[in-house]
Amino acid sequence: MMRTNLVRSRLAAGESVVNAWLSIGSSYSAEGVGHSGVHSVTVDLQHGMFGFSEALHMMQAISATPAVPMVRVPSLDPAQIMHLLDAGAYGVICPMISTPEEAAALVSACRYPPHGSRSFGPSRGLLYGGADYVAHSNETVMAIPMIETAQAVERIDEILDVEGIDLLYLGPNDMAFAIEGHVRFPRPASEIAMARVLERAQAKGVPVGIFCADAKEAALRLEQGYALVTPGNDFAHLTRSISGAVRDLLDRDETAEKAPATAGHGY
Amino acid sequence: MMRTNLVRSRLAAGESVVNAWLSIGSSYSAEGVGHSGVHSVTVDLQHGMFGFSEALHMMQAISATPAVPMVRVPSLDPAQIMHLLDAGAYGVICPMISTPEEAAALVSACRYPPHGSRSFGPSRGLLYGGADYVAHSNETVMAIPMIETAQAVERIDEILDVEGIDLLYLGPNDMAFAIEGHVRFPRPASEIAMARVLERAQAKGVPVGIFCADAKEAALRLEQGYALVTPGNDFAHLTRSISGAVRDLLDRDETAEKAPATAGHGY
Amino acid sequence: MMRTNLVRSRLAAGESVVNAWLSIGSSYSAEGVGHSGVHSVTVDLQHGMFGFSEALHMMQAISATPAVPMVRVPSLDPAQIMHLLDAGAYGVICPMISTPEEAAALVSACRYPPHGSRSFGPSRGLLYGGADYVAHSNETVMAIPMIETAQAVERIDEILDVEGIDLLYLGPNDMAFAIEGHVRFPRPASEIAMARVLERAQAKGVPVGIFCADAKEAALRLEQGYALVTPGNDFAHLTRSISGAVRDLLDRDETAEKAPATAGHGY
Amino acid sequence: MMRTNLVRSRLAAGESVVNAWLSIGSSYSAEGVGHSGVHSVTVDLQHGMFGFSEALHMMQAISATPAVPMVRVPSLDPAQIMHLLDAGAYGVICPMISTPEEAAALVSACRYPPHGSRSFGPSRGLLYGGADYVAHSNETVMAIPMIETAQAVERIDEILDVEGIDLLYLGPNDMAFAIEGHVRFPRPASEIAMARVLERAQAKGVPVGIFCADAKEAALRLEQGYALVTPGNDFAHLTRSISGAVRDLLDRDETAEKAPATAGHGY
Amino acid sequence: MMRTNLVRSRLAAGESVVNAWLSIGSSYSAEGVGHSGVHSVTVDLQHGMFGFSEALHMMQAISATPAVPMVRVPSLDPAQIMHLLDAGAYGVICPMISTPEEAAALVSACRYPPHGSRSFGPSRGLLYGGADYVAHSNETVMAIPMIETAQAVERIDEILDVEGIDLLYLGPNDMAFAIEGHVRFPRPASEIAMARVLERAQAKGVPVGIFCADAKEAALRLEQGYALVTPGNDFAHLTRSISGAVRDLLDRDETAEKAPATAGHGY
Amino acid sequence: MMRTNLVRSRLAAGESVVNAWLSIGSSYSAEGVGHSGVHSVTVDLQHGMFGFSEALHMMQAISATPAVPMVRVPSLDPAQIMHLLDAGAYGVICPMISTPEEAAALVSACRYPPHGSRSFGPSRGLLYGGADYVAHSNETVMAIPMIETAQAVERIDEILDVEGIDLLYLGPNDMAFAIEGHVRFPRPASEIAMARVLERAQAKGVPVGIFCADAKEAALRLEQGYALVTPGNDFAHLTRSISGAVRDLLDRDETAEKAPATAGHGY
């Protein structure tokens, strides 16, 4: 039987999911993160600093851990989505989905006929999922639109009605850009928009995930009802931890001018 | 004029040096670490999970930051040492130097004639160091033996008498293997051995650096008189930080069996 | 004079073409396959497990063999098609061409003005094809639409009327998805559809190629009148051959549960 | 403060800019070129023989030199443009911009809201530009449409009226294809078209750059009023220089048949 | 508990082991081979066409399959052996071991103190083996000398007496070179030499493995008493299978001159 | 029949050889250089900025040109020499050969038994050389010691007496370091030493090659009797050509401080 998608089964069981996020193009760090206790690891091809080859190696490395390999794609490009599914992704997070048509196009790209338009060529999917991958991938692989535009918020009910949406994923920074016009805190209007999305999704039984700056925000989001949280990306964890160590070792005055560029809220 | 070696000048001025350590083969994370406030970044080709090509990219990325690029080589192989110097390394940390002859061989590999046997072919050294690289590299590039064997401790005075040793670097884990026969704590005998090396080096005016598990140990080592400290490697910072976030988010019971493999003391 | 396209000249002469198919991103195996006696080798960027860089290395390696380098692109993306032509591809197989407009767009992407819209920048084309590449590539490089949708079958006459179509290529698995709604055997309706495409193309003097599961199917397709056959991809050849060796060496009972995921019909 | 864009400031001051062009996918040669005295280095992802990963390494290497890293993208694909900006590009040259709508789409892809639609995720931009990258990138990063089609020439005034166009860049070879129908010299009509574009841009205060075959043409273009010139790409410089050395060493007769494929006018 | 070494446990139980051999530097084909039913997969860094980086990716991919990852190193270079162990190899096949001193040096490189001289820095070993890797790797990782010289045959008893030899591995081609002076068949003297090695090893309770041209030879070797067999490498399986398909499709006469270079007996 | 070694046959015929030298790790530039009219291209793994993987891709690319692929290895490491021969090198230039024993070890590493100790595993040699590679490589592949130490000059007659030396190659910069103690011009003593080596080699019928700064020096060396010349490496050609273009375009005053680091005499 095809390998179970742990993210899907946990969400179905009402259990929360902790998801890691990779922007460093290394299969070694990917494997380490996969062993960190997270339920899933998302390989970010939109803002991550790598291309397909590294993503393949990272997904292979994640496949040697208990975590589920997922991807964020750069855009709603069906050929690229299919390529990453062929490479073994068990979930596709797609940015900037604003309309039900776009949501349906995402679902279609993730499903073989007759439920979608995915091209046959399962490649590594067969290796990760198993010999019956083609028969069962439609109910295993997850289609996950990112909700991060004003239009998406307005049309959230229509988007939620698209058959095959397995999870919504909120991008708070792009949402802030869209709703506030900037990414500075506080962001009252975009918080309200996100709360509305969460409420509507819950009403329709669709779980919602969200990118968080860190574990503290992630804990808050879980309390708010989000089902999946990403407590910051790998680069932020790495550089914050090292910067913190340096600060502990040096006088603050000395390091002030070299303050890490990455001390922000992540993305 | 050739670009100054900040590590060398700080040590000469009696200022301490915070050094980062890279085992992840990514130029992106390398660049991020180079901006973290550290004075130098060591690209570890011995236990790091990459080869020459990634090391080159990592050193190029570090060169775009305020930090000094250094390498740890896998062994006392002059051809490999020269290759990494050609790639722009400003310091070579060489493991398992146990005799004055080995220390002299390391120095020789790092110096052009008549002070050494380095082969001409400065390649990227010219780009990082400047057009007068060949004329000045002998007094810029640092030769750094690792002291981590029983024999090295015994012969420390002879090793320190080798002309051209710019810094000693202690590897506490291999030292523990050598002196205690294991790497478990406590390690009383190897601590005594390291204290002896530090004392003899200070007596002869040679600064000493040391690999540490984390910032806490690094702070202690600075107090003990070490001039350069490495507060854990990139992989440990990354995976500890993410594992910590996961533990904060999930019940400990649940995550117990998935406890990160990397919770140890690093290396 | 520009290097001849052996695939084009064989087809023009009514000779059949055996084409290999690469999904493994290795220039070494690509070169080995290029020496296997095939007339052409197709680097598959749609379902193959690699990106542009590996494809470049693979085409360079194929260029050192008697075989003609071709590509399958992921989609009808003119910029990507042009990039691969610049990298030396002598034929472009493009999936999911369903309308004469799409077929014309494919041809246009493969031809310099005034016969198309390809951007100037021949790069490696000059090295593989020769100094007169720009002058002669329009009549050398092949534009090859894949016929694998119901709409394409319906509109096959219009597609065949598009000037500049050098070869049609049938994708039986996606055709099965499109016509049967699944990929299981038998596939009577999609066989009829493919036979119709073959018949119409032959009537209009356009040769037709087809992906086959293996040499046995390829032999049958040649008998049916297909001009170019692909007897399975590299991954299938490799894993079937090793799996067969393992089965010969172990008791079947023992290996049953580890039956190779790739024992299917390829793609 | 965010790192200044030297290209932008020189152009604003009425100083000319010499730009290098990279089609070889090597971070080492990129770094060497960055130290050659040029003001900027453009990483060409359209006709260059590499993909995203090499482009990242090349931009990191350029960041260690005085030159400004820029990219030419393969097409007007917002996701790809954003990805390269995230990787640290300070300018985006986009081919085949023919209408004000396309020009506006390019600008939008290069600007964060509210002035554009760039997605948040600055990644390496933060490292190269500085911690305040997001706040200042809109006025730092340059949007540079290529003008190389007949339609663009016709609609040049409308294109120039698009807010946010920082520089036009002319592609003489594709312009020749568009206007002359071929790339052979002489090209009287396309020269007239380019002169018209230059005149209109100067009238509206927008500087114009141009790709040149070599330094000789570049000098001429500077005299004509172009503000930025690219004196041939890296591959042409390399192969012409080596071919010239070979010709100096061998009898011409002997080398005639091996005349370098790259002796043409570049692109 | 540290992950079990299936090769070691099968050999201890008297069960035979089928081992695959990789000379193609692809993590995708490596993963496919790992799913083919073999018990172990050896990544060949001696004659395989790749370096450390690809080997790392290949071992990560193998780690996602039921097969045990092993390596063949290029030579008895302790630093390189340790690096590959750090990368997760569970067995090290080392060529050209001719003396008990060399065999002991191999064992020492594979064992942490006090049983050897391996340097601390387990890296990916921790991820593949588990958190207790350092404590248990000495009894898990296998040290495997290749016996393929005349001297090794002569001194086989001494070599077998070296503590820590887990398996001998015969290289019939180099053995033929050593004993016959050539690699042509028949090879009577080297067969006798190998039979002697097998007999002595069995007498001392050390299992013996052997490289075979194909499954047919492997079956024969199992009957002769070899405990582990390698039925040809990946490149041979791939190119033989494709060449066979081509021959089936074309007239032999036509393909004669293009007969695959790899039709030999492998290595 | 095995593919002829053009360098060997030209030298045997008394014809001079122009050799290119690659330090840029790009298969694209390697292929371009291979088409520049040179007779051979040497992939420099000693001072070149790449490792084995890039060298493989470069040799594959050179194999698609008329030029003969050769390598310079980092040191007299038989395993590495054999690996590069397996990758298709038709000549091995080995630095720092100072004694007849070292020269003999180099020859031995390049020859199969009974004439040497090369390990069986021809891999890509079979693809480039042909199916009879193993039978004929001993008389095809060239062993080329570099003469660049004082000891080598002293013992040149003994070195020349080693059977199997196909060519000597002089490294003038390391020779200057060895003889003059520096690399500044003039270098009267090292010129005398090189003249002596040339004279002795000619007396014994061994051709001599030499690395030159540029074509001008190469022409002089050919007149002096050198049989093979290398007119500068790829990086020098590239950066000198671009720097020259920049100087032609900008006022010298402006560019003075940015004078290219690579304006020196190469290596």
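A few remarks follow.
All chains are identified by letter, namely A, B, C, D, E and F, in their written order; residue positions are counted from 1 within each chain.
Assume a contact is a pair of C-beta atoms (placed from the backbone, for glycine too) under 8 Å apart; a residue touches a chain by one contact, two chains touch by 3 or more.
This is a predicted model, so every value here is computed, not measured.
Where touching is counted per the definition, the chains common to subunit D and subunit E are A, B, C, F. Between B-F and C-F, more C-beta contact pairs are found at B-F.
The pairing of subunit A with subunit D is characterised as different-residue: of all residue numbers used at this interface, under half are used by both copies. Centre-to-centre spacing of subunit B and subunit C amounts to 51 Å, using the average Cα coordinate of each chain. Between the CA-based centres of subunit A and subunit B the separation comes to 36 Å, rounded to the whole angstrom.
Between subunit A and subunit C, the centres computed from C-alpha atoms are 34 Å apart. Those residues of subunit B in touch with two or more other chains are numbered 23, 25, 28, 32, 35, 49-51, 53, 56, 77, 123-124, 127, 235, 259-262. Chain pairs that touch, as defined above: A-B, A-C, A-D, A-E, B-D, B-E, B-F, C-D, C-E, C-F, D-F, E-F. Interface of subunit F with subunit C (complex): residues 27-28, 31-32, 35, 56-57, 60-61, 63-65, 123-124, 127-128.
Those residues of subunit E whose C-beta lies close enough to touch subunit F in the complex are 23, 25, 46-51, 53-54, 74-75, 77, 95-96, 171, 173-174, 176-178, 181-183, 235, 259-264, 267.
Per the touch definition, subunit D reaches subunit F in the complex via residues 16, 18, 20, 23-26, 28-29, 32-33, 35-38, 49-50, 66, 214-216, 218-219, 222, 229, 231-232, 234-235, 237-250, 255, 258-262. Listing the residues of subunit D that touch subunit A in their complex gives 51-53, 56, 77-80, 82-83, 86-87, 112-114, 119-124, 126-127, 130-131, 133-134.
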